[in-house]
Structures are given as structure tokens and as C-alpha cells.
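Note that subunit A is present in both complexes that follow, paired respectively with subunit B and with subunit C.
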Partner chain A sequence: MAFVNLQNVTYQYPLTKTPALQNINLQVDEGEFVAVVGPNGAGKSTLCYALAGFVPHFFKGEISGTIEVAGKESSKSTLDEWVLNVGLAFQNPFNQISGAKYTVFEEIAFGLENIGVPREEMKSRVEDAMALTGIRDLADRSPYSLSGGQQQRVALTSILVMRPRLLVLDEPTSQMDPIGTREVFGTIRKMAEDGMTVVLVEHKMEWIAQFADRVVALKDGSILLEGKPGEVLTSDLLAENGFGSSRYTSTAREAKKRGLWRKENLPVTLDEAVEGFALTLPFSSPKGAPRGRGESGK
Partner chain B sequence: MHERLSFHIKRDSVIHRLNPLTKLVLILALILIAFTFPWYWAPHFLLLLAIIPLGILGRVFPEFFKTATRLILPAASFLFLMQAFFQPIGEDVIFKFYFLDITQESLMFAFRNAMRVFVMVSAFTLFLLTTHPSELMSDLTRRGLPPQFAYVIISTLQILPQMQAKAQTIIAAQRSRGLDTESTFLKRAGSVLPLVGPLVFGSLVEVEERAIAIEARGFTSKNVKTSLYEIPDPSFDKFIRWSLLGLVILSIAANLWPS
Partner chain C sequence: MKIEIKDLRFTFPTGLEALKGISLTIEAGEQVAIVGQNGAGKTTLVRHFNGLLQPASGSVMIGDWDVKKYSVAKLATRVGYVFQNPDEQLFSRDVLTEVTFGPKNLGYAKEKIDELVQRALSLTELNDKTETNPYDLSPTWRKMVALASIIAMDTPIVIFDEPTTGQDALNVARIANAISELRMEGKTVITITHDIDFCAENFDRVIALSNGQVLLDGPAREILGQDEVLAQTYVDPPQLTRLGKRLGLKETVRNQEEFLKAIT
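Take a look at the complex of A and B:
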């Protein structure tokens, strides 16, 4: 039995005419890191809300099918019980700041206060979580004085500190620079290796390819394709359906048309692209191919 | 952007260290005594012998003095003038200004009322200067105030300055698209809708997201909530509170005593 189990889930928001999710079947194992991709309006955020219990408990609307996490069924649970198992962080960091706290440290402790964690344990958990996401130096700042990227880290930490078994993230790095994104992906990967199940919505294909175990491609509320990142993210089906692809994939796809790409699979990451192009481009050899960023192989 | 709606000044003083509830009781007691004690000079004495010493003890006197002279004094003076002119009591006219006249009695009456208001606002100012809002709220929550209520108070204090900043952004954005915000009154009135619309609708969307965010962090959990900080409430504080309550009862009793 999978840790997360969605069976024939169809959901329609109130006052809308078409369902936001249509017949979704999705299984995720414990400790698995699943990335969800899809164009705008594909139902990615709705899927996140469904996993986190806000669909249908918060948004109401019509739902059919079953959503199970850790052996419990969403429709038979209440939202306040559900959030103990499932943590949700979403895109806009500003709206995730509770507004009830004056420092980052207090902000992160907010969730633990709500669920009644004893004071001493609370302090050490907040310290640990801040160390994990690298925001210790922000502890005494006001959450409102931070940059968007820093606020996103605070929002993520505020959820991580609650130690959910399933972590649902809706574009948690949209306001971060590449270095910040890499760090956060590394942290999420580590959480998954420690047994936390992760479902992540993300547009940054290269990062998904490097860190996720599996990719689910959503389109118009249904799952279009599902599988290993390297296969899904480079498939022609995605390109035809208006999914964005990484610049390495698009470049290699063009190169392939001109006979400049000889490998069977298209690349998603820089390293894969370098490896592939090294086979065809005359001025470099596979062995001496430059691999690092900014370090040339002259 | 760093602004927030709080007067609190972080300092270490006897007053800062008092339990927030004690401070709240203290200022309410001062106000009630100022309004009920049946002696004409009671509010004046409270100002000299309680408010000012408390400001000095709390090490916030400079800030208090600034607020008092710039904000409270003008308001109290206005109240004084209004009441002095328009209170229809007394016969003994001592000053005449066209049809308005001031009598000995209305002058005394106005002076006392202005002083009472001065004491009331000063006491609240001292309270706000020496008490951190989140400290007050977590102490009151611990004593049984619904956390939802505390949340509304604190988040409003924090979010209002943010909304102000957002309003500025919207104004700048609309002006850059040619919205007229500084010519004739009628044109400016017409500009209100494109400014207020995005602010209101944007805020409604935000409220939904914020509700999701705090819900995701167990805000409606049925567990007994805990607090990150321990707010001390020594027996000395309890003693002060009961004594103040006693004084208030005495003051009210003296007021009601048929003499």
C-alpha cells in the first residue's frame, strides 16, 4: 500500500464549470520525492491543496474518489488533524507569514505553539530547522523586513519544523536565486532521504532532473505522463503540449533536427548536454569536456 | 517597509518587567480613579504623582514627553476650549467672545475634564511604550483570551503598514499608466476606484491565502497551545493587581457616598 494514494480523484471548485482535477490516480511511496510539472491552469496547485486537505475541507466544492495519506482517508478526517501529517508551503511567501509574530524565530515557532509542543522542545526544534535551511542569521529579524527569497525560506522552515510525514511544496523557490534554489533543493532531497515524502510543484526542469525521483506531468487537470525525470522531461509529448523544457533540452532538440545530437535521449541538465554535444562537436573530446560551471577545459 | 504599528520601546526597566496584565490593570485603575475620585484635583495629582514617575521609572520619559506635548496636549487643549465655551453652567462670566462666554464654573469644569482625558491617554501611551503587543497577547491567551482574538489584534498591527506600502505601490502603478491623482477635486475623486479596487480585491485574495497558511500550521488544532516565551507573573504582581482593585473600589465608593 502506497504512502500517498489518490484513487480516481475528480474535483470541481464551487462556482466553476469544469473540474480542476479529473480522474487523478497517483501513488507515492514513503520517502519518495515526486515533482509535478504542467502549464498554468493544469491543476498543480489544486493537486497540492487536495494532498494537504484544503480540497475539499477548506475550498468546499464537489469531490469524488479517495485521497489517502499514511493510511488515513482525507474525507474521514478533519483539517486540523490532517495538517499534523501533511505540511504545505506555497508560492507567495508574503501571505504565508502569519503576521502574529515579530521575529523569524517566533514565526517559525508559531506552528509548534499551535499544536502544543512543550517550550524546551520547541526551541530546539526551531533551532534545528533553521540550521537545516540555513536561516539562523535571520532569527531576530522581522519576517516582513526580509527579501522574497528569504521569506520563502522562512515559509519552508515554518512547515519543516512541524515535521510532517508528507511535505507538499508549490513552487517554493520561485523568488530565489540559483544558489538559493540549489541549497533548498539539496535540503528537500535530504529530507526525502531521511524518510519524508515530498510532492513538489516546480517549473525549474534542470533542478527536477537532478533531485526528484519521479515526475508527474499534469495537463488540464489530468495526468498526461508519469515516470523518471530524464524520460518525462525530454519527451516529445510534453513539448507538443506546451510544457516548458529546460534550455538544454530545447537546444538539443533543435540540434537533433540538424543531426548534431547523436545520443538517443535528450538532456535536461547542463552536464548531460555537455556530455552529448562532446560526441559531435569537433573542438572538444568526451574526456576533456568542460564539466564545471565557468571552469573552462582549455 | 520596516515600520510597524507599535509604540513599544525595548528597554529594561521595572515597568517593562511587570506582567502585562499588571500594567493593564495599573493603567485602567489610574483612569478609573481619575474619573471617579470625588476631589477636584485628583486627575492633576495623578499626572504629577503617578503618570510622570511611572514614565521615569519605565525609562521612557523622553518618548512619553514627546507624545504628550505633540499629541495629547493639543487634543486636551481643544477639549478644554470646547467645554469652557459651550458648557452652559455658572453665572459669573469672566470672558466674552461675541456670543460665547466663559464662566468661572465652566472653566473649572473644562479644566478637570481635559485633565482626565490627558491622564487617560497618557496612561495608555505609557502602557504601549512599555509593553510588547505579542507579550500582552500571549499572556492574555494563557489566561483564556481566545487565540483568534489575539491573532486579529496582532496581525492587524503588523499588516496595516504592509497594506499602506501596497497602496503606495498601486498609486505609483496607476499613475504610471496616466491616472490623474493630483488635479481638480472631481478628477481625483474619479481616481479613487482604480486605486481602492485593486487594494480591496487583492487583500481579499490575500486573506484566503493567509488563512490557508495559518491553518497549515495548526492554528485550529484542538491541542492545548503552548507559548515560546514564558511570561513571569510573580506574586508581587498579583499583590499589585489586588491592591489596585481595592483602590478603584474605594474611589468609586467615595464617589457614590452620599455626602
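Take a look at the complex of A and C:
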């Protein structure tokens, strides 16, 4: 059976008139990297909360259907049990700092300390995690004296250090610089290859196409489309429903109307765009992808 | 209104030197994007424009005002700043009160306040949310409220810190539209952004900061093509600029229009 299994999940927040999630059916295999896309209010964060146990345990409200992760059912578990398997990085990184610690190092170690990980192991796990997100030089800084992107890196690192079996990331790179974003995507990809299951909400289509295994497109609380990134992210259905797209996709779509894009499929990544537009420009000689910058796919 | 920065240096109480000698002139009515890696000093720089931070040395002039000699309240008549984290900015119990607070505080006449508030709400598509408590909104809509409440103040200089973060395509288009409205009114718009495609499509001038210093400053077309220098501050060129380069186009292209023209 799938590692994550949502069956007919419908959920409504207290005091609201319409469900935020409607009849969601979603299966994710262990080690799979699934990206969730959708416009504002689609239910992306609510889906993250449902996977992480906050819906319904923390937010209350009315839920039907079943949510299973690692063979356990959410409604039959407590939040304390649930978070042992599932880690969530919140959409707003600014209020994820615990407030209990004086240095970034201690902040990241906080969760491990709580579950009683021995000092030596804790130290090496924190150092490894900080290396993954590029914040080793922040170790001795106060968690309150950081830039926006640095705070987001600390918040992400304190989830990664726990090595949850299911990693749920709600727009984890929203405050990050462009090359840092690409590097974090690469890190998450590697963790999925090592067996961690990842569900990630993002708007950055170019990197989703390059790094994720599958895309789920949400709108108005329902799954509109799901499948391979290259197919979902270029579909007309998404374009018609107010979903964003990479500039490669939108420009090729316009070029196609003018007869300047000759391939059947639209591109999402740079390599796909270069390949397709090279057909329009028979005399140009596309330059090779720069090496070692993670631009050439998985 | 002109902004003139001369050899600005700033060190936080922790001892960290965040700005290491910045000199810049931004003319009245310019549209400027500031880019650069996390921790480069972007937010620290603009917080000097409205008095939230005070220069350790060097100077910042807003028009004929030296920021050292004016209070935050006074500077608010000239500079509006939308915080990177909207939660540091919002405090009212409903959206309408929040957006009305700024212009009211600046002492405008009632009719002008109503007009400014109405326009700010329309630009940010908040008309149906005026009675909502900002804290019941998602972080993305809270950011739209933060934008509206600064736009409503009608200051000659407007600063946005990461406005498009987490926004969907519709809201990004609304923000771009708001910026172009402000441009037409002759306002100076300074936007900090990691969204380089948005930067390429909406700004004439780009300043790249790195490690507390200006790394690059010039017309967007010149700056955004310099992939190797930009990489020093962890910035990639825009998608279509990268594509143009890989296809061997002679000119640096920044947006769809330029790209399609170049391949036609």
C-alpha cells in the first residue's frame, strides 16, 4: 500500500461556509517527490496541515475520509505520535522560530533534544543539516538577528534535522535567493532518493519540472489534474484556470500561435526550451548547458 | 523626490557590519529593483530610507531631508515601506481600518483619504475583504493588505520588500499593475525581489547588492545578462535571458516581447 494514502478527504475549517478540501484522493509512494501547485486559496496549505496532522487535531473543524501515513491513521493517532513521522515547514517561516533558544545551532538542535537524542549524535546531525542548507556560518548567531531568507533556511533546517519519513514543505524557498533556491531543490531531491517521501508546495515551475516526480494541481479544494510534471505544467487546463507557468512555457505557448514553436509539447525547463526553439532558429548553434550548476536535470 | 546615499555604513548591535560603504543616487520617478543573495543587506539598506535604522556613518538624503535629522513619523510623509514580513507591519482588527490608518495619520482631508483607500483596495483586489481581520487571511493576502496600506499613503517614494513572495499569477499581475500605476503618477518605486523574471519585466534599473556593497548598478538590460557576476551574489539571469543566451541571440533579451522579436 502507498506510504501516504488520502481517501475521500473532505475538510471544513470551523465557522466557514465551504470546505477547504473536497474529496481528495492522493497516494504517494515511499521516496517519491510530489509537488503541489495551485492559485491562492486553492487549499495547498490546508493539504499540508492534513498531512502533518494539524488538520484536524489542531484546527478542529469537520473532516471526513481517511488520512494514512506509514500505515497509521491520523484520526486514530495523537499529534505527538504523528509528528514523529511527519515534519512540516510552515508557509510563513517568520513565526517558526521556537523563541526558546539563543543561537541558531541550539534552535536547530531543539527538536532532537526534545526526543532525547544523545549529545554527540545531536551535534553531528545538526552540523550535517546546516551544511545541506548552507547556513554553517550562522551557527552562533541569534535566531532573531537574521535576514528573511536566513530565517527561512533555519526553519527548514530544523525540520530536515529530524529526518522525518514524510517531509511536507509549504513554499520552503519563498524568501530564498535564486541560486540558493535551486540548491535547496537539489538537496530535497537527494533526500527523496535516499528514501524520504516529500510533498512540496511551490510556484517555481522550472525547478518543479526538473526535480519532482509528480505534480498535483489543486484548485478550489479539489485536485484538478495530476501526473508527470512536463505534462501537467504545460496543460491548457492549468493555463485556463489561473495557474502560473514558467516563462519557457508561456513564451512557447505564444510562439506556437505565431508559428514560432514547432514541437507538439510545450517546454517547462531551459533545456526543453533550447531544444524546441533551436528548430525555429536553424542557423543558431545552441550553446551547451553550463556544467556543474544543476541545470541539466536529475 | 531624489534619494542620495553617500558612503553609508551600518553595523548591528551584535557587531555585524551589514552595510560596508554604499553610495547611490536614485532620481525622482525611477523604478529600481534591488536584488542579491540572502543576507546581502537589501532590507537593512532600505530601512535607512524611512528612519527605521540610523546610519553609523555616511548619509542618506530624502529630497532635502537628511534622515538623521527627521523622525520616522516625519519621514513617513515621504517614504512608504512595505515590510518583508507583513506581520511586523499589520496591527488593526480589520482590513479597512488597516488601510485607512496611514493616510488618516498623515492628516489628509476626508475625501482624499476615501479616494486613496478605495484605489489601494482596488489595486490589491481587497474590496471583498475590508471587514476581515488581517490575521484570518493567509500570509499571501496579508502581504496584499500590507501593500495596500502603504499605497494608500500616497508618498512620493514607495518601497516594496519582496512583494511577490508566495503570490499566484493573478496577484503577481496585480502587483505589477500597481507598480505601473505608481510609475505613471511619477512616484519612485524601489522593489527588493528574488523574483528575477518579475524584476526583468517591471524595472528599468537594477542594483545588485553583495555582502553589504553594491556589486552592479545599471540599466536592467545590461545588468541581467551578466550571469557570472550575478552568480557571485546567488542570482540567476531571468529565464528568457538565459534562453536567449543559450540560443546564441546577439542581444540580451529580458521579456517575452523582446524574445519573440529576436527570433522572428
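Assume the second predicted complex is superposed on the first by the 282 of 298 C-alpha atoms of A that agree within 3 Å, B and C clash if a C-alpha of one lies under 4 Å from a C-alpha of the other, contacts with A are read in each partner's own complex, and residues count from 1 in each chain.
One rule holds in what follows: a residue touches a chain if its C-beta (ideal position, glycine included) is under 8 Å from a C-beta of that chain, and two chains touch if they have at least 3 such contacts.
None of the values given here were measured: they were computed from a predicted structure.
Q: In the superposition on subunit A, see if there is space for subunit B and subunit C together, and answer fit or clash.
A: clash
Q: Under the stated touch criterion, which partner chain does A:189 make contact with: subunit B (first), subunit C (second), both, or neither?
A: Touch status of A:189: no partner.
Q: Just checking: does A:122 make contact with subunit B only, subunit C only, both, or neither of them? Give me first, second, both or neither.
A: So A:122 only meets subunit B here.
Q: Is A:263 touching the first partner subunit B, the second partner subunit C, both, or neither of them?
A: neither
Q: Once chain A of both complexes is superposed, is A:254 in touch with subunit B (first), subunit C (second), both, or neither?
A: Second partner only, subunit C.
Q: What is the contact status of A:165 with respect to subunit B (first) and subunit C (second): first, second, both, or neither?
A: The answer is neither, since A:165 touches no partner chain.
Q: In the superposed arrangement, does A:112 touch subunit B (first), subunit C (second), both or neither?
A: first
Q: Let me test your reading of the model: by the given contact rule, A:54 touches which partner, first (subunit B), second (subunit C), both or neither?
A: After superposition on chain A, A:54 lies in contact with subunit B alone.
Q: What is the contact status of A:95 with respect to subunit B (first) and subunit C (second): first, second, both, or neither?
A: Both subunit B and subunit C are touched by A:95.
Q: With the two complexes superposed on chain A, say which partner A:153 touches: subunit B (first), subunit C (second), both, or neither.
A: Second partner only.
Q: By residue count, is subunit A touched more by subunit B or by subunit C?
A: C
Q: Looking only at the overlay on chain A, choose which of 97-105, 115-123, 169-177 or 241-249 in subunit C hits subunit B.
A: 97-105
Q: If you lay the two complexes on top of each other, which residues of subunit A touch subunit B in one and subunit C in the other?
A: Looking at subunit A, the two contact sets intersect at 92, 94-95, 142, 145.
Q: Quick one: in the complex, what on subunit A touches subunit C?
A: Residues 38-41, 45, 91-92, 94-95, 141-142, 145-150, 153, 171, 174-182, 203, 206, 242-248, 250-251, 254-255, 258, 260, 270, 273-274, 277-278, 280-281, 284-287, 289 of subunit A touch subunit C in their complex.
Q: Can you name the residues of subunit B that touch subunit A in the complex?
A: 1-2, 4, 132, 134, 150-151, 154-155, 158-159, 162, 206, 209-228, 230
Q: Please give the residue numbers of subunit A that touch subunit B in the complex, ascending.
A: Contacts found on subunit A: 49, 52, 54, 58, 79-80, 83-84, 87-90, 92, 94-102, 105-106, 109-119, 122-123, 142, 144-145, 155, 158-159, 162.
Q: Over in the complex, which subunit C residues touch subunit A? Could you list them?
A: 12, 14, 16, 36-39, 43, 84-85, 87, 138-141, 162, 165-172, 194, 196-197, 231, 233-236, 238-240, 242-243, 245-249, 256, 259-260, 263-264
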